[in-house]
Every structure is written in C-alpha cells, then in structure tokens.
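Report on the structure given below.
Order of writing sets the chain letters: A, B, C, D, E and F. Residues in each chain are counted from 1.
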C-alpha cells in the first residue's frame, strides 16, 4: 500500500491515469484500518475506514468519508465527500454516490437502542445516487437507476428508473444505450397506420376506431383482426395512485394488449437491449406486447383505467419478475 | 248514432256498461262532422270533430276536445278534456291522453306560414300521456310507455319507458307484467354467487374478482370460464350524456358480456315477457346477454365506461332494432 | 237559479257587485246538472258541472271549465278558464285556480284501467294555483300557499310556501300580513348586538364569537350566557337535499337554539301573526326559538350542517305538527 | 258579419281562400259580443269574445278560446285552441299563439283580490308562442321571437330570440332572412386570415397571436394595426350568469373590439338585414363591431371574461337601446 | 481523559461495554478543547469541540462532527457523523441525532452579518432526529418525538409526534410503551356498544344515533344520558389547514365531548402512561375526555367540523399546556 | 501565511477582530495547497483546498470543507462546515453558504463517466444559501437572493428572490433596504383614492370602477383619464403555472398598466433602491409602471388572467433584461 503525499488534484478527473497502477493510494491524513482495498483504488483526506470493510479495485473515495465494518464496495465505484457508509451498505460495481448522500440503517433510531440487525441498503450495478439524497433503510436502488439530487428515497427504485423529490417518485427511465433519460412519446408522435412497429422487439402500436355520436363515444377492437391473438382473459387496472408503478415483469409465453380507456399512463417497454416509453393517453391507441418484453406502467393519471387483454389464463410460472433473470433468458435465447 | 241527453256521469268510471251497446253516443252540444265513429264510443260536451277524422270503438272523448281531419284514433282510447288533436296525430289502441295534453305539428310555427306537410305524432299501443304534457312535433311515444304529468317531450320515447320533466328524460321503465314501474336493483341486491340467473330469459349476472393492493385495483375476467364465450370483439362506451339511452336492440346470434369499469349505468333486459333493470355500478358485476335479449342501457353516470365483449364480429344483419319485430321473432320461436 | 243572458263582462273585475245578490247566475250555454250552487256564484259559458258537485257562494267559474261529481268547492273561490276538476278535488274557501291549471287523480293512468279510489287533491284555504300549473295526484296545497305559473307540483306544499319550477321547489314564503312574498334577510342585515329581537314572538338573534387563527377557526357559545337555556340534547342536520324543507312544527315547551356551522339555510319563523325569514349563513349567527314558534328550515346549501341545541329531551308529545292546531293553540292562549 | 254554418275544415290549412272575402266568419256556437272584427277573420266553435275586444283582419281564432274586453289583436294573427286572452294582452300583426298557451295578468293572484291594474303582456310583430307555453305577467315577446313549446317564460324575450325550458332561457336566435334558427359558428369555422369579413355590415373577425411558453400563455393585440382604432376605454364583463344576455344595443359612433380572454360566449351581430352568431371561445379570436351594429352576447360560460376595447368614452347618447329605433335609423341611412 | 489509539469498531454497536468505564475516550485525530466531557463518553476521528461546550456521560460523537462553544449535550446522547452543532443547540438526555442532520441558528443568514442572539434549538429528552434532516432555527423537538430522515423541520414538533417531509408534517404519534409508531383506529375498529372504554385513563367512546331520512340526516346526543355531563359551553373548530394540530393540552377539571360532524380528524389521547389515536370520521362517533387527559387533534380533513361540548366555561387557569407539567401533575396524583 | 495553533473560538462570532490583521490563518490540521488566499481569511480544521483554488480576503471557511481547483471565492464570504465546492463553483463577494449545503456539477453522474465540461454554479453578490440546501448543476443564485434551509434548487433564482421547498419555489422577495423579507400588500391595505403612489419610483396604484348588476359584473378603465397613457398594445397572460415567475425586466420607454381580471398574482416593483410587493387580486385594482421600473410577477393563482396595456408597440430594444444592467442605467441617470 502506498500513501499519497504529494498535493492531490481534482478527484473527479484529470489525474494522470498512467501513474495509478496497481497499488491503492491512501492519503496519510486518513485512518484506514482494513487491508481489503483493491488495486488502483484511491482514498483521500480525512477518511475513516473500519477494519471489516471490503473495497474493490479502481474505487475513488473522496475526502471526509466514513466506512463501517460491514460494508462492501465493488469495482470502479465513486464515493464523493461527506458520505458515511454504515453497516449493511452494499455498493455494486460502477456505482456513483454523490456528495453528502445520507445512508441509514435503522427505521426508528433511538440513542443506545440498537435494532437486532441493521437493515441492508443495496445500490445495484451502475446506479447513481445524486448529491444530497437521503436513502431510508432497507432500500434497493436497481441496476442503472438514477436518484436525483436532494431526493428522499423512501422505497426501492426499479432498474433504470429515474427518481426525484421528497418523497422520491419515478419521473422517467434511463435510455438503454445512451444512459440518458428517455423521452415519452405521446400518440401524436405516431403514424396513423392501423399497426406500426415501435422498434423494441416485436412491440406494435395499434390505432383503434373510435366512433363519436350524440349518444356518447364508442371504441372498438377486433381480436385476431386488430389485435393479433384471441384473448382468454381480460383485466383492468384502476385507482392507481399517481406515483405508483405497475407491471415490472415480462412473460415467457403470454401476449398482452393494453389500451387506456380513460385517462392515461406511460408504458416503458424493453427487449433487453433497447427501451422506449409510450404514453397511452387516448382510447384509440393500443400497444401489443409479445412474450419476452419487459414492461413497466407508470405516470397513471388519477382517473386512468387500463384494460389488458391477455392471450392466456393466469399462470404464475409464466411471469419473469426479476430483471436480471429476464436479461439472462434473453441472453440464452440469443446464443441459441 | 245516438245523442246523449241525460245528465252525464263521471267520464272516468262507473257508467253502467250494460247500457252502452253498439251505438256511439254524442252529446248534443258537440259538433261532430265525421261519420267514422266506432261502436260504444262516447263523445261529450262541446267537442268538435272534423269531417275526415276516424275514431275507433269504445273510445271516450271528454268535454272541450277538438279533433282535426287527418287524425286516427284506435279502439279503447281515452281522451280527457282540453285536448286538441291536430292533423297528423295517430293514437293507437288503448292509449290514454290526460287532460290538457298539448299536441303540435309544426316545428317553427309562424302565423299564415304552413309547413309543406304537418309532422305526424304517433302514440303507440297502450301508451299513456300524463296530464298537461306537451309533445313536440314528429315524436313517437313507444308501446306501453308512460309520459309523466307536465312533461315537455322533445324526442321519441322508447317502448315501456317512463319519462318526466322539462325537457323530459327517461326516469325508469314499466314492469312487463304489472305495468307498474320497475325498480332498479343494484349489486347489493344480488347473491354473491359467481354466476346467478336474473329470471329474464337466459340472462346471467357474474361476480368478478377485484384485487385491491397498494398499487391500485385490478379486476379480472376469464373467457369461457367466468364468461361463457370467447370474444371476437370488444368495445367500450364512454362520455355518454347522462340523459341518453344506448342499446335498444336485440341480437339474433351474438352473445354480449357487459361490465361497467368506471361509474355506473342501468341495464334493462327484456325477453319479450318479463323485464328487469339492473344497476351495473361496480367493476365486479358483469351481465351476460344471450341472443334474443332486448336490452337498453341508460342512467349513465358522467364518468361511466361500459366495456362490452361480444362473441361475434360486427354484423349489421344480426341486429333487431325494432321492438315489434323483436316480439314477432320471439313469438315465432315459441310457436315452433 | 237565474241564467245570465246579457253580454258578460270581464270575469276578473268590474261587474257591478250590486246587481249580484242572492241567485247564482249560470250562462245558458253551460251544462250544469248540480243543484248545489251557492248564492252570488257565477258560472260562465260552455261549463259542464256534473250532478254530484257542490259549489259554494260567491264563486266564479269561468268559461270552458268542467267539474265532476265528487268535487267540493268552498266560498269565494275563483276557477279560471280551461280548468277540469276531477273526482276527488277539494277547493277550500278563497282559493284561486289560474287558467289551464291541470288536476290529476291517477298516478299511472291507463285507458280503461281505473284505480280503486281516485286520489284526492286538496287546495287549502286561501291558496292560489298559478296559470298552467300541473298538480300530481294526492297533493295538498297548504293554507295561503302560492303555486307559480307553469309549476309542475309533485308533492304537497306547506302552508304559505311559494313554489315554482318543474318539478316545483319552494322558493320562498308568503308574508303574513301583506300576503306578498317575504324577503330573506341575511346576517349582514342584522345589528351587531350580541342579542337582538327579530320581531316575531320572542325569537332572538345571537351574534357569536368566532376566533380565527392560523391553526383554523373556532366558534364559541356559552349556555345560559350567550344562549338563554341549558341544553339537555343536541342534534345536527346534514346531507339535506337542497330542495328539502325540515322543521315545519312548533313546540309546546322546548326552546331551541340553531346555528349553521357549515354552509347555510333559511329559517322561517312564525308566531301565528307575523312571519319572517332569516338566512343562517355564517357560524357566528344563531337564532333562538322559544316555545310556540312555528319554524321551517329550507334552502339548505349542499354542505350545510345545522346544529340544534334543545332545552329538553325528545318528547313526541311536545311537537305541534299541524299548522291549524298551532293557530288554534295560539288563539286559545290569547283568549286567556 | 256572416256566421259559418257549413262543416268546418282544417283551421290550419286548405280552406279555399277564394271563398273568404271581406266578411269575418263566426261560428254559430260561439259567443262573440264585440263588433270590432276585421275582414276575412274567422272565429270558430265555442269561442267567447267580450264586448270591448278589438280583432284585426285575416285573423284565425280556433275553437275553445276566450277573449276579454281589454284585448287588442292585430292582422293575420293565429290563435289556436284553448287560449284565453285576459285584459291587458296585446298581439301585434302576424303573431302565432299555439294551442293551450297560457297568459296571465296578476303576479300574486288571490281569489277576489284584484290588482289595481292588470299587467299588460305584449307579443310583438311576427313572434310565435309555442304550444302549451306559460307567460308570466308583464312580459314582452320581442319582434320575430319564438317561444318553444312548453316553455315557462318568466321575463321578456328580445327580438328574434328563441327561448325554451322552465324557466325559459335563450337557446338561439332566428335567422334574419329565412326565419329559421341560425347556427353558431365557432372559431374552427373561420379562416385563418388575420382579418376576415363576417358578412354582416362591416363586422370583422380577427385572429390574434397567442404565444405559449413554459411560463404560461400570452395573447397580444396591437391598436391601429390588429385592431382598427385606438381605444379610449376598456371594460370587461365577468361573473355573468349563464342564462343572461348582455349587449342588446347598437352605437351611433363608437367602435368596439371584443375578445373573450377566458371561457366563451356567443355574439349575435345584426346590421338590420342579416344576422349571424359567432362563438368567441378562444383568446385568439376577436370581433370588431363598427357603429350601427346591433349586438347581443349570451351563452356565457361560467368562467367567461369578455374584454371590450372601445373607441370612445362612455356616452349614454351614443347608445341605441331599442331595436325598432335601430331599424328606423338604418332605414333612414339607406334612403339618404 | 484517555485517547483511543486502537482500531475503532462500529460506532453503532458491539463495542465491549466492559472496557468502557469511567474515562471519556477521545480519538487522537480529534481537536477537543473543552474539559467538560462526561464519563464513558467517546469522541471519534476528526471531531472538533470548542472550549465552552458541555458534553454529558455515555455520549457517542461519531467522526467528522463539530461542536461550538455554547452547546450543551446531555447523557446517553448519540451524534452521528457529519453533524455540526452551532451555538444555541441543546440536546437533552437520550437524544439521537442521525448522520448529516443540519442545525441552523440564524433565520436570514448573511455573510458577516450576525443576529444579536443566536436562536436556540432544543431537542428534548429521548427524541430522535433522522438522517439528513434539516432543522430551522428556534425549533423545539418535543420529548420522545421522531423526525423522519430527510425532513425539513420548519416549526416545533410536539412530544411523541412523528414528522416527515419537506416541509415536515406530523404523520403520526409514537406509542407510549413500545416507542414504535401507534396505529390510528377508525370507527370500524370499535365495538358497537353505546359506550366503550378506550383503555387510556377514563376516556370513553360513544356511539351516537344517526337517523337518515329522505329530507337529510340527523345526529343526536343527549346530555347526562349519552354524554356524561351537562355542557356549559360549546365550540366548534373548522377551516383547519390539514397540516395543523390543535389541542395539545389537558384540563384540570373540565370534561369535554368531541364529535366530528363533517369530515374527520384524528384524536390522540394520553393519560401520561399510555397513548392511543382514534379517527373521528363519522358523526356517529363521539369521544369523551375526562380531566387530566392530554389530547391532540390533527389530520383534519379539509372539510372537518369538530364540535366540542365542555362541562365548564372557559377558564385559562384550567389549561395544562406544557406536557412536562402534565406529567408532573399526574405523578403527584399517583403519589397521593 | 500564519497557522492557527491556539484553541479556536466560535466561527460565527466573537473572535477579537483586532488580532486578525493581514495574514490569512490556516489551521494546521488542514491541507491547503493553494497559495491564493486573501488577507484576514481563516481556514479551519480538516479543510482541504486544492492547488488551483482562489480565495478572497476576509473569508471564513469552517471545519470539514473541501475546495477543488477550479473554484473562485470572493471577499467576505462565509462557508460553513460540511460544504464541498467542486470545479466550476463561483462564490461572489459577501456570499453565505450554510452548513451541509451540497453543490453539484454533473446532471447525469455516472462513476468513471465524466462530462466534457463541468457545469458552473454561480452564487452572486450578497446571496445566501441556507443550511442543507442542494443546488443542481448550472444554476445561478441571483444577487441578494436567499435559498431556504433544506431547499432543493432545480433552476436559477432571480435577484433578491427567496426560495424554499423541494423543488424550490419562489416564496417572496427580500426587502431592498433591510434585506429582510418584504410583505405582500393586498388591496385591502391600500387607500381608496382613485390613484395613489406606492413609494417606489413613479409607480401608482389605481382603483377602478366595478359595476355589479344581475346580468354580471363590469369593470371599466379609461385611457388618459384613469390610466395615464394611450395604449398601442394590449396583451394578457394566462395559464401560468403557479410556481412560475414572469416579467423580470424593465423598460427604457414603455409605460405599462396591469390589472388582474381573474384570480390574482403578486407584482414586485423595484426602482433600484426600494422594492415593494403588491397583490393584484381584484379586478378593481390596477398598477401603472413607468419606464425604468424593474418588475416581476409571480404567485399566479391557477385561474389568473393578467391584462397588460402598453404605451408602445413591442420593441425588443426597449427591454432591460439583466438586473445589473438595470442598476447601471439607474445609476447613470442619477449622475446626470
């Protein structure tokens, strides 16, 4: 282990990467008790690391941080200044923790009253937590997700979601390729063809007929004609609190057709490679999800009624509920 | 023709029916120019009947009425005092016209400006028009319907409907057997069985599963399981003005399943013999209409969304849109 | 009985009263079969009166009317043209029936289908029914009430109420002395004294303290201080449909204090001689009703909550529910 | 005077006009006491006309009517059956009164209590009153106006207005040339030109610029550029009850520019020859009224705010408030 | 004073308590200038404590903290990392301050502009302030209260309240015994007995009669029967902003009866030993508070109207407004 | 440079200013690499300052701060504990940064993914950022502005604005002289004179006539009479999201007259020396802004419609959009 004694440079940037080879570098003003620090990792001024902590390679821990014993940090993680990682925190590879981000591990803290087990907080691969955010105990920040600066995160964040506010709500999703935020496209952005491809797996958009007359409005869809399967089941979703998400799963076999009869909601579809968000905000716009499409619905308007017609009866085994499993299945398919 | 000269009795009632035999009786104070008056018909004081009018048997025309040339009155009709029947009025058998009921035959009347044809008004078999009602030109009051006292009727009234107000709205339907008003039954009046018979033809009520969770509510139905057919088509009805009716037809072959996802509406079902009204006001209540069920939907709440799943594609020839045709088809079926 | 053969004059007006002495006058064009017609009563052109009808003195029946057997008309009644009085109609003394007023006696009329008993309609002493009004069967128009022209009256009208519209709603009350409509006084019309007399019996208005602070508003009343009795009971009235009236009774012994905590309602108070209407539309305005005050509450706003504090427990015998009984009790008191 | 004794024919229609020459014809069953009846006028069965009534030429009074002394009827008037004309009624030339129309002449009628003067009701030239309508006392039905069947008219009706309902509201205006109802044109029906002529006098429509940005919307108008005068005064109208009309006047000299900033209202413009109705329902639509344009605004939405910019200060003498005066001034202009 | 030089362990937990005896332990990397540090207190890395600060016994100050001169910390207090205690902060015994909690002492801070006196912030006995919370100057966090992570606290927090959000609102109360959050019980959780004991002192719940009829709803209560005292005063509370609390006091002698006539609010009752929260959300549910019951009302719905009937006139001396005084009085009573 | 070795005292206050002369003082526990530190500046414990940072005179950097290379700090700035200043931060003279304030310089931070340029954050002269606030990248905090404790600032803050909340909204403005918050004055606080001076430059308030009648309300203003210029242009602003501000500019020549026809908004006027806020919440209150008045409008109610009448056509060159330019122009005027 080599201690840094020369004047440090910007922790964000332009250190000459060449001179950082194998040895972790630890600033002499710091108090690092663990021996488990990966290659090329740098720990800066006034940092405390307790004996049991495990820190990966190529990690950057900025000045004024504190890391307890039961903490695990992956490779290529950045921890900015003023971050205190308590027992139970897990930061996976490529995670970014902004300055003054606050972790917790006790729901109802009382001085000298310790819970039996500290509640773990997991920040999954590639996720970023913005400056000054506060994370309540027991939360998982999903793969690639992004927590906005100053957010107070009171429940787990799904993969690739963007959250902000106090309490934090999902405000969007991260684009698959660019890792920037993806724009929602509302129906005015689509062609008027009866059926058009969205560019994510086999997902199709469907323009449906709406007939207006003085006695009210009538919307129509025909199975195996407008909609490419014969339904065995319908369900509809309503009274969804506006900050809630639904879906967040894929199917092995089942096709689904979604149409928002009242109000609107956003549907994010993901084939494991690209992701796109569609705003179903008119009863003449349907979306057809083939099997192996990961889909999330959110941004429900207060009055939204989402009708779903499904090609199969309910079968718990047909659901893929874990995004990593989904990626694995997609990967396996491709190989074959 | 015999004129009545003895003191008259209540025109509503208890005249000794025995003494009314064949001859129509016309009060000498009246001015009746037509010869076409049926047996047992009575015409009372100060009535004017023009030469071309045709009046059936067993009719009662009370004092102070006026009947123009191009008027046809069926058998067993009652016309109370202060009623003026203009050219174009047709009263079918068993009709009741209350006192001071006002007929019209010109939409934009101007003095000395006559429309090319006077617009006909038809009161169908067995209908009643309450006292003081006003009927706009060109209206048909359907078979067995009842117009409330003081109503201003601005459009046609379907068979067996009850209307009231200014302008008149449908407020209910007449019971098939008793000719009294039928009560609407809301879902709390039904059994909790998954499927129950309503007692009108093969109409069945269906209790559907609703799952509530923190992320919103979910309603489910399964085809050929919960719902006794496989749908070829769905449609949904929304933005229905509260005073409108929809339906008012039967199908030759198509089965339909109705569920009101949002808000509520009333469904009147009629198998040609009995009639019943059901309030679909909860998404866990569906109703299944087999072929040859005459059905009307009305009393839509402002926010109602009625989902209909149909066993067949749209086929104009499958619709029976005229109630009399429907009765005839039902009748033919019974004979065979 | 004397028949009028000279040219008639305005039935509304300026006939030389001197020449109308004892004999009823009946126009020769009329067909009057009853012998029961009071002195000075005039019956004009083309009127039909059946044999059983009883008509009082000083009555005026205008042209084109019809009166059935089971009809009783009091003294000094006016019946304008185009009015047909069916079996069951009772017009008490001093009643005015406008032109084209329509009476009914059968709720669900069908031709040739008669109800077992015709439903009686009573127009009480001094009431007026405006031109073109329609009265549904079974209604009582209370003493001194006034039915607006064109109203469709679907339920009974309390004493001295003014009703209008289709269906008719109470829109005000008639002033006790002038028989004109009385104005509602809202709180801005009252003095700011803590207690002030209203000028109807011992009824008092009370200004109450309302304290506003940032945590909300607080209203206060103190018994035997602000409010001149100690309550044994409270009750509150809410969810009152805006067209409903409540109260319409007096108490023998009980004092009541009324304050409208939310929204507003009008309170009509009547000591048997004068009547006044107060709008309780602010929680700082209370009204205290001593015993033997006839009171009605109406014009409830949709959100009104009326709190009543009563000096006695509920006792059915303490209620005077009939206005005539109330007047009698008041009269008896005065004598003694 | 000649009495009709032959069987009568339809009073609406096809009587051989040749045989109706000079003499009025009065049915022998009627009781007509006035000598003042114009040429070609026909009075049918069971009609009563008192001595003082004056009836014009070419009038048709159908069976079962009653006409008091202080009544004046112009030429070419039609009075259908069941109409009773009380003292104070004035029917100008070309008026149509439908069957069972009810007139009144006393606001708070009481039996034997007569008002000092009966309140006059005037139906102006060419107006029509639909069947079964009720007219409260003291009302004027303006020139060419049309009262819908069953309406209860509680206040005066402006020239050419169409009213309906209980109480009656203005629902439209009559087209100047065809005397049919005129359609309202909303802004989607207009060209997108910055300025376009409406075809009524010099009235112009103006498309205004609206700029939308994230900080809200901005509408702009420039004087002497977009708007052809420089304003000396602005005023705005708001909180207009939806059933009210405003305007109903023309100006001698003042130009006005109207734009509805919030909500919408309809503007009827009339140059004395043609009439058109425009719906101002968007802040980018203005209308410019040159002098001598008769204009009415109505159908205000609940939230409407109408901004008016005027070329002159307020001057009471600049207003023409009576439609007949307006027509005279227009007429005088043309001559010169 | 002894300095810690051995590797530190988790500051949250499992240090061998046996080895912590009398001496405070101060990490050598810290800069502690006060001599006033209690026994067993530990001060960790990079902490600054100015000369005037007073720190109690058994306190734990984690790494990276800063404590100014005019700061007093009681016994058994925990201060987590990244907390800066400015002049004027008082932490009573058993307080927990989470990581990155931010204190302030100047309302409108300007560089180089100091207020005359820094505003004190007091965290009372046993209270906890969650991670990342921000406390505005001059606030008192009441005994046993709990501030949620990330809350921005803009005003004082009552004893045992739980607050969260930005700005912080009361979301619940802490249970007296378990120090967990207490659940609100709504009326469906109570027995239907007319009167039932709540288990907190003598507090009783009362089921009241509600009569529904077509003219509206009526709720009734009778004094000395339903309600165990005779009222001398009523007051009602309305227009309470939803985030406000009211009450927060006890009475020496006065009994109170509370019923929420419209909407709902939560009532927390506390007899000094146990605490319970009741949702008064129906006008048929009353709660009777005997003297010496500490009570708070909050969670007012927007439309709530809370009626309170009190057994005594207003007397400022009857109020116990300080929770500690209340506990003392309760304690004194028990002794005697 | 002189290092401080004696025990430090309160950083907020009462250090003997006499002993702070020319030399900056740097605590020996700190790691300060720049040589660019102004006179009298103090840098306290455990502070890291990188080599490129430039720090002005009389600055106070409290314990536990971190300052990167590309940071510039003016004179008389205070930086409280726990503040980390990243590349791109600029603090102008007299700025106050509260404890735990969090700066950011990357919108979508990812570990090991650096943006091409870090986004600058500028805190202008005399502004204060309250404790615990979070500033998103790229924001400018305007001169003299004040960011409330705990605010999450997502966009730039105008000069002298006060912002609070998450996300931060403008809640008020700072008073020009006292630098305290200025109170909004609503119309009830103004005289009833037709015109009154506000005390800020030549700004005048105008009482306008509002006429209420049964047909709605009418507001009037007359140019060159009520309003001291003749308009060449009108515009109106509506649909302004409640958190938005508009205006924020002055004019060289144009006069403007503002009246809020519907709803309300606050207008802040500033003549470069004094500032005042007026609530335009009634259509009878107008405000006239002469040239060289800096004005901002905010606190728009949801339904606000603000009408502006301007003395000139739109001319981009007439706008002064930068507050510093405005101050300079005002200053130049004064000199001449």
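To be clear about the criterion, a contact is a pair of C-beta atoms (placed from the backbone, for glycine too) under 8 Å apart; a residue touches a chain by one contact, two chains touch by 3 or more.
Since the structure is predicted, the reported quantities are computational estimates derived from the model, not experimental observations.
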item: Shared interface partners, meaning chains that touch chain A and chain F; value: E
item: Where chain C and chain F overlap in contact partners, by chain label; value: D, E
item: Of all other chains, the one whose Cα centre sits farthest from chain F; value: B
item: Size of the rotation, in steps of 5 degrees, that lays the CA trace of chain A over chain C; value: 180
item: Relative to chain E, chain with the most remote C-alpha centre; value: D
item: Equivalent interface positions on chain C and chain D, same or different at half; value: different
item: Option reproducing the contacts of A-F, where over half of them reappear, out of A-B, D-F or E-F; value: E-F
item: Centroid spacing, where centroids are CA-atom means, of chain A and chain E in whole angstrom; value: 36
item: Between chain E and chain B, distance of the C-alpha-averaged centres to the nearest whole Å; value: 67
item: Chain C-chain E separation of Cα centroids, rounded to whole Å; value: 59
item: Overlap residues in chain D, where contacts from two or more other chains coincide; value: 46, 64, 82, 100, 132, 152, 166
item: Contact pairs between chains, per stated definition; value: A-B, A-E, A-F, B-C, B-D, C-D, C-E, D-F, E-F
item: Residue numbers on chain F that touch chain E, as the complex places them; value: 7-13, 29, 44-46, 58, 62-64, 76-78, 80-82, 94-96, 98-100, 126, 128, 130-132, 146, 149-150, 152, 165-166, 179-181
item: Of chain D, residues touching chain F in the complex; value: 214-225, 230-241, 244-246, 261-262, 283, 300, 303, 305, 307, 309, 313-314
item: Of chain B, residues touching chain D in the complex; value: 31, 33, 46, 48, 50-51, 64, 66, 68-70, 82, 84, 86-87, 100, 102-105, 108-114, 118, 132, 134, 136, 152, 166-167
